[in-house]
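In what comes next, chain A is part of two complexes: it sits with chain B in the first one and with chain C in the second one.
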Partner chain A sequence: MSFKDKILSSFIALENEVDTETYAHSLRNEALGNFEKLGVPQRKEEAYKYTSLKSVFNKDYSLFPKKDTAIEYSDIKRFLIHEIDAYRVIFVDGIYSSHLSQTTHDKFDVCLMSSALNNPKYNSVIETYYNKLASQDGLSSLNTAFAREGAYIHIGKNIAVEKPIEIVYFSTGNERALMTQPRNLVVVGENSQVQIIERHQSLSDNEVLTNAVTEIFAAQRAMVDYYKIQNDKLNASLLDHTSVDQRTSSEVRLHTFSFGGSLTRNNLNFYQNGEHCNSLLNGVTIIEGKQHVDHSTLVHHSQPNCESYQEYKQIFDDRAVGVFNGKVLVDKIAQKINAFQQNNNILVSDKATINAKPQLEIFADDVRCSHGCTIGQLDEEALFYMQSRGIGKKEARALLMFAFANSVLESVKIPEIKSRITKLIAKKLQVDIGFDL
Partner chain B sequence: MSKYTEEELEKELQNKEYEYGFYTDIESDTIPIGLSEDVIRIISAKKNEPQWMLDWRLQAYRTFIEMEEPEWANVTYEKPDLQAISYYSAPNSKPKYDSLDEVDPELLETFKKLGISLDEQKKLAGVAMDIVVDSVSVATTFKKTLGEKGIIFCPISEAIQEHPELVKKYLGTVIPQKDNYYAALNSAVFSDGSFCYIPKGVKCPMELSTYFRINEGGTGQFERTLVIADEGSYVSYLEGCTAPSRDENQLHAACVELIALDDAEIKYSTVQNWYPGNAEGKGGVFNFVTKRGLCEKNAKISWTQVETGSAVTWKYPSCVLKGDNSVGEFYSIAVTNNFQQADTGTKMIHLGKNTKSTIISKGISAGKSQNSYRGLVKINSRASNARNFSQCDSLLMGNECGAHTFPYIENSNSTSKIEHEATTSKIGEDQIFYCNQRGIDTEKAIALIVNGFSKEVLNKLPMEFAVEAQKLLEISLEGSVG
Partner chain C sequence: MLQINNLQASVEDKEILKGINLQVKPGEVHAIMGPNGSGKSTLANVIAGREEYEMTGGSIVLDNEDIADLDPEERAHKGVFLSFQYPIEIPGVSVTNFMKTAINETRKAQGKEEMKASDMLKMIREKSELLEIDRKFLSRSLNEGFSGGEKKRNEIFQMAMLEPKLAILDETDSGLDIDALRIVANGVNKLRSKDNATIVITHYQRLLDYIVPDFVHVLYKGRIVKTGGKELALELEERGYDWIKEEIEA
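Let's turn to the complex of A and B:
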């Protein structure tokens, strides 16, 4: 049975389980039709020219995980930024785990998508925002058709959320191969601030495929600081689709740290729909083996006087493959735009590959748009300098690589995340140093 | 102080009509319109081609009919009806001339209008010219001087007759017949073009130049150029074009193949100023060109282009850096105005070790035009120590035009270094203000800035051509280049 057939037959099973009277369900049929038409993206499509999803979709995934998988806090503590107090929305095999989570409804809502989709209390928000921003490509549509669970974050006006919100999806691997469709909605009101950390983590050696869709709405003067930590096991693949809508004077910062996973595709779309918006898209990728990480970013400037800043630092070893496909689009009326895009890559091995396609599409004349892309190696002289001063070769290399990636880390606002990422980098580079020399 | 502002410049640019629009009335020997195997047989027969050439054309045609017109380029246009084109047209005044006196006086008049008086060029520039009017060469000069050095510089149809071994060996080796839709079409129906062979160790004593023109109404022009630089030789080849003003779209699908054998160097410069259509975007030439060069060991190929004309340009002069230590260069200025569309750039394919490539691309868009840079830098896993530097800058004049950059970078070698930079901006008010402060009026200031913006590329043009390039820039961006 092909993947498409499986999806179609599974949808009938889904309809028996969910409330078919909701607004969300009315979107499902259309989305399914859309997926049926578009299917899984093929390499002949320009957007997937360098990333083949064939190996990811040829497995026999279970779309409905078994219920009630119990895991203890001690099992997962190391995957959380446990040093800090945070709101936590934790899912195990796509199902909400109440005893691991800490949600709230006090001043704002940090809770579950399932309750938001089914509870009439949230109807107005859902109808205003849900699926209004996500792109309508095959994979996003697949998510819309099957999405039932995820994080629902709604912050009203004038609220600075006092602690970060951590969203973590665990998969236990009780299924032979599992595919999940997490769906997050983040709505941040005027003058409000929020920090969010998102992570997908497999706990077993079975195949896991995550097809996640996140929609983020930042109202006037809102500030959103979003961190994606991707350090999954090698049996896990992630297809992430994140779209951001920004209104006047809002600021959205999104960091993506890709260290793990077999295949990772990050579709990141920023739409600036107000003046004086500020967007920051930063990323660090360090991969080896046969890992594949694809960053596909779009910043659409449709209003004047905005800024966007992108910086992606990537290191590839062994047979790793990296793709960077960045696009900056400036509409005719969007004058006085300052857009910057930088993509620096280091290839450590001869078998590693990087395919970069930094694009600019500019229709306005009074703009400053630039992009830079480099591919190179570590500086042999710098390595020699350090070695001649008694630093081991491995450590010297690690130091240089860390320094290379550090400019991205500097914009991380949560110190605990910074130190966690630093440790992950040290582990990834197989050295035991703290980089705080 | 002059009150000339950027707005006025824009206005002037919009109103600027094609200056070199004229039509020469020469009797032509034109075959009926349409494309079929028979047409190809007629073309081949008219040129007295040997059987192998006809077979090669037919093979190309058979691949061509299987292909579809590509649509990935960032341009929109009405696809030309290939059945409504006449594939062969030759000026009637045959045979060839030994001296200028014998040339059709009307033709000479045409060249005078173009400002490329043969006599003057012959005397002053020391340039040998192989003039193509509607596909067939009518004048070849300096052939003798070149002949003494063993250099072959002649129309490709003549080369097919007289040097079949060279043509057979190299034709289609860089651009295979099935390379792309228009290359296949060209391979099937090419009417003429230039052939150049530089023997081992010879440094060509003069710049070789060809003027292609499209003249006869309703004829597409399909030139085929083949330049072979044998081991250790050097040649600088110039190509320049202007075309008469005309309403219906004209298709131009040329192929240029360069082969630089070990230690050879080829410098290929183009100035293109075909009719871009009028201010409403009506008419103009479709320029769909395939240009590619192959570098063997230590060889160097350098493409320089100044693109100011054509309604739609679709052109990617490329280098295949096959041999170790070979070098590829691409310098380009593309100016678009009114409704012009240009999708141009280069491909640098690094296969050999220590190969180097440089890409400098300057795009200037004005009016309602769209200007795209599309390029590929590909480093093969065996191409150790490969080096690439790319810089693509765009200058926007007015808020109705667009500038786009689509660079593709594919690298699978850890010892290679690639740098890519692109910027898009307009002429800064502060820059103009700075000039104004120092007594330079706005018009001159804009000229200064545009000149500076393009200088890196203009400097790469051979002296003989720089004058003409300047002139063409002037026409396209009049008032801005002093």
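Let's turn to the complex of A and C:
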């Protein structure tokens, strides 16, 4: 059965399980039609020129996992930022796990997309925000057609959420190959603040393909601090589509740490729809073997007096492939914009590849836009210098790589995340040294 | 302590060292002088184990152990230290943390426990005072934006921290003004003991007024062609290298 045929039969199966009378389901029907028309992106499309999805889509995925996979906190603790108190929204094979989660409806909603999509109490929020921001490309439409679960976070006005919210999707591998469609909606009201950590983690060696869509709305003066930790197993691939809508004087910071997974595509779109917005898009990628990580970012400045700041530091070893496609669009009325983009890459092996493509489209005349892209190797002189002081070659390389990536880590506001990422990097580079530079 | 026998080495297939013999005993200071291109820096780098310098013959024995096959870090663990002619800038790694890593990696290799943070701080304070290094410097990225003199002082600071058995100072005097030269030389002298040895590589006699050598060797075309006491350095200063060249070629 072709993937498209499978989608159709799976959709019919889905309709037997969900309430087909909801607003969300009317969107599903529409999205299915859209996916049928657009399909899975091909390499002939400019946006996927350097990332072929053929190998991830040629597997026989199950779209509906068997239920009742019980996992215990002890199985997953190491994947959580357990050192801190946090709200936790945890999914196992696409299904919400109440005993692993800690949510609230107290002053704000940290809960489930399934209840938001089905409970009439949430209708107005869903109708205002759901699927209003996400791209309408093939993969996002595929998600919309099948999405029924994910994190729903709705923070009203003037609330500083006192602890971070951790959203984690686990796959247990009770299917030989599983495709999931997680869907997150984050709505942050005026003057409110929230910190969110998102992670997708496979617990077995079976194939997993995650096609996730996240929509983030930041109202006036809202502050959102979002971390994506991508350190999945090599049998897992991730297609992530995240869109951000910013209103006047809001600040949204998003960090992406890509260390694991087979193929990862991050589509990250920021839309500034108010003045004095501040956007930060930072990333560290460290991959090897045959891993592939693609960052396609868009910052659309449509109002004046805003800033955006992008910094991606990437290290590629073996035959790893990276793509950085960073687009900055400045509309004619968006004067006094300050847009900064920096993409630095180190190729450790001569078989590794980086495809870097900054794109600036500027229609305003009074703006400051800068972009820089570098591709280099580890400095052999520096390695010898460090070795001559007693630091082993492997440790010296690790120290140089860490120092290279460190400027991005410095902007991480949650100390426990910073130290966790530092440890992940040390583990990734197989060294046992502290990097507290 | 150090015995170099018939050492030959090449860089990119070009033979640079053509049979060097050198014996250094604990407590001694040896100066190696010679015209540009005679192989002085190559000798320093070969002893420290730089990969690009290929040893094609002979042996380097440190405390009765041939170290020629060891990696640079293993040589460092055994007490070899090279002060670089051109210290490398390493953005993002602070002087303090670089030293912390270097010392603890060395201790690990020697089977010792990591140094306690408080001991490390005390040592850093003492040694930075010895080299008259401003504390602010220690949190800056290693050598990044340092002046020539600051880089050289930083090299000797690292040497003071690592307490090597055999220190090789490669053109440590180049780029130093007279005050910095005095500070650096003073630091080196204070670190001297009956158990360690120093090889000073220099083009000019000036440094040897401050770090007084027991032996002066003249390197020319990849060989040591003359050895004498500290007075040989003065003679070279006065007469240049031509007379030696003439002696050899006669």
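Of note:
As a convention for this text, the second predicted complex is superposed on the first by the 436 of 437 C-alpha atoms of A that agree within 3 Å, B and C clash if a C-alpha of one lies under 4 Å from a C-alpha of the other, contacts with A are read in each partner's own complex, and residues count from 1 in each chain.
The definition used in the following text is that a contact is a pair of C-beta atoms (placed from the backbone, for glycine too) under 8 Å apart; a residue touches a chain by one contact, two chains touch by 3 or more.
Since we're looking at a predicted model, the values are computed, not measured.
Aligning the two structures on chain A places chain B and chain C side by side, free of any clash.
In the superposition on chain A, A:F404 makes contact with chain C only, not with chain B.
Applying the stated contact rule after C-alpha superposition, one finds that A:C373 touches chain B and leaves chain C untouched.
After overlaying the two complexes on the shared chain, residue contacts for A:K121 are found with neither chain B nor chain C.
Once the two complexes are laid over each other on the shared chain, residue contacts for A:R176 go to neither chain B nor chain C. In the superposition on chain A, A:K132 makes contact with neither chain B nor chain C.
Contact with chain C, but none with chain B, is seen for A:G392 once the two complexes are overlaid on the shared chain.
Residue contacts after overlaying the shared chain place A:R43 against neither chain B nor chain C. Once the two structures are superposed, chain B and chain C can be ranked by residues of chain A touched, with B on top. The minimum CA-CA separation between chain B and chain C in the overlaid arrangement is 16 Å, rounded to the whole angstrom.
Here chain A touches chain C in the complex through residues 379-382, 384-393, 395-396, 399-400, 402-404, 406-407, 433-434, 436-437, going by the rule given at the top. Every residue of chain A that touches chain B in the complex is listed here, in rising order: 46, 50, 332, 335, 345, 347-377. Chain C contributes residues 48-52, 71-73, 75-77, 80-82, 84, 87-88, 90-94, 97-98, 101-106, 109, 158, 162 to its touches with chain A in the complex.
Contact residues on chain B toward chain A in their complex (touch as defined above): 72, 379, 381, 384, 394, 396-426.
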